[in-house]
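Two complexes are shown next, each including chain A; its partner changes from chain B in the first to chain C in the second.
Up next is the complex of A and B:
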């Protein structure tokens, strides 16, 4: 039996890269799955973790939404973003300070090549918040309200920080 | 100079390119928005904590025990 899950590509940060981009994603799979482990290279930021935004096919229009619940400070909370210019439920932990842990995420993209459907995503993100020692966990139902097949996915460090060389995002195709 | 690391999934070719002025502007815009959203979120969380404490105090004033309040509001 042929393998049902195939590694398509893998990228590391470069210490100067604010964006990690997967282009020309083949349409030979049914679903896509991204796995990431991310740290910020830049220090000096006042934030202990940064949002990593996700865009598809270079689209920065207000076609995105997130409905997510998250845990912080021993409390479960929820957040809804509509008409957004990105997906956002991924965080990236700083490499400076007392904590050098990774922020991690998993992004499931079902039906990514189907040009007759809006795109929906299942996202799980986790990071350590160094300012108070708390852990953040985010689980999200997210959407990109466009029909186009996904051929490009960009991960951008929103606070203009850069990904460390040991940051890595892997892309798998699922038949 | 911040860069973009790109992999062409069809060929496996990796390239590193400098961000365009437009891309830098978008990141800076995202930075401002993220900061504003974070402040709003933290303010809302702080207010919710204040409201919760005030509500618990009122319940206690009505004679409920801490265990009874915890059973009601967690």
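Up next is the complex of A and C:
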């Protein structure tokens, strides 16, 4: 790993918003790295998953795609989405109590500021789900087919449920 | 303090049945662990390693999910949990010691928010590959996965070991790891 790494920002959920948004991302780095743990509150101790969509620079056009392999119910699976309006591999977990669970991910974005490249992403993620093990253990190559430098990244619960205050995403710049 | 630092680089001096990474600094937000592992097993295969967090070794602590392929399997998956097993099974991959080439399985692992005392559910994500073959053939393995423990405090210790049900196996001297922290 490159040695020149800077923490750009770290954001928590607010318990009142379904979006965690990184804005005004500086163009002073070569690559970006995100780490996150996400959940939204629900009563009880059972876990279920809700998709967290990812959008760049506020773009909700059909410029996104995902190609991923994952496991569910002891079975290897694959999925490809094209002409999508968001990236889809990440989930958050709906849970509460001492057995609280989170959807966890690591997202790497090389060349985020390069205006000659479509943007590509390497994503790892996973989340617990009651009775069904580590659902959505996933590795994805995803894309945003736009040339613009990335200056904003939005993580949004697709069901508009709010992220808890202990949900947290860190953003790093790599030179 | 830099925002990304190597916490420790260790090469195993003597083979051991259990490798403990203890007293992990709490000065960072996320951990990255690069493991190169070889077992004393005289075999060309590659094998799963077990992993635990801190000193949690009782039953019903952990869950995991893995996706992999190898020289005899085009693709499979396995998962257990949550709280279904006493360790993260199929965690770090370990190469056997039977091949002429001195190869090691490669594991790149991440633990988001490892030092948090608010996020009690700790998950480790990984990508891994291994090949123990030479020009006459051999074994290979590649995969990715995740392990988790619910109701876990900050992670201060990781323990890994050969975990394929045959007693007497050890992690071989010369195996190494680099533990790094993301601030």
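Observations on the model:
The criterion applied here is as follows: the second predicted complex is superposed on the first by the 157 of 175 C-alpha atoms of A that agree within 3 Å, B and C clash if a C-alpha of one lies under 4 Å from a C-alpha of the other, contacts with A are read in each partner's own complex, and residues count from 1 in each chain.
In this section, a residue touches a chain if its C-beta (ideal position, glycine included) is under 8 Å from a C-beta of that chain, and two chains touch if they have at least 3 such contacts.
Source: prediction; values computed, not measured.
Annotation: superposed three-chain arrangement on chain A; chain B versus chain C shows no clash, the two fitting side by side.
Touch criterion not met for A:141: it reaches neither chain B nor chain C.
Of the two partner chains placed by superposition, A:57 touches none, neither chain B nor chain C.
Once the two complexes are overlaid on the shared chain, A:79 sits against chain B while remaining clear of chain C. By the touch criterion defined above, A:162 reaches chain B but does not reach chain C. Once the two complexes are overlaid on the shared chain, A:71 sits against chain C while remaining clear of chain B.
Minimum Cα separation between chain B and chain C in the superposed model: 8 Å. Once the two complexes are overlaid on chain A, the chain A residues touched by chain B in the first and by chain C in the second are 10, 47, 72-73, 75, 77. In the complex of the two chains, the chain C residues touching chain A come out as 2-4, 29-30, 32, 63-67, 75-84, 110, 112-113, 116, 118-121, 123, 125-127, 144-148, 150-151, 180, 182-183. Interface residues of chain B, counted against chain A in their complex, comprise 1-12, 14, 16, 19, 23-24, 26-28, 30-31, 33-35, 38, 41, 45.
The part of chain A that touches chain C in the complex is made up of residues 1, 3, 5-7, 10, 33, 35-37, 47, 69-77, 98-102, 104-106, 124-130, 132-135, 137, 139, 166, 168, 170, 172. If you check the complex, the residues on chain A that touch chain B are 8-14, 16-26, 47, 50-51, 53, 60, 72-73, 75, 77, 79, 85-86, 88, 154, 156-160, 162-163, 171.
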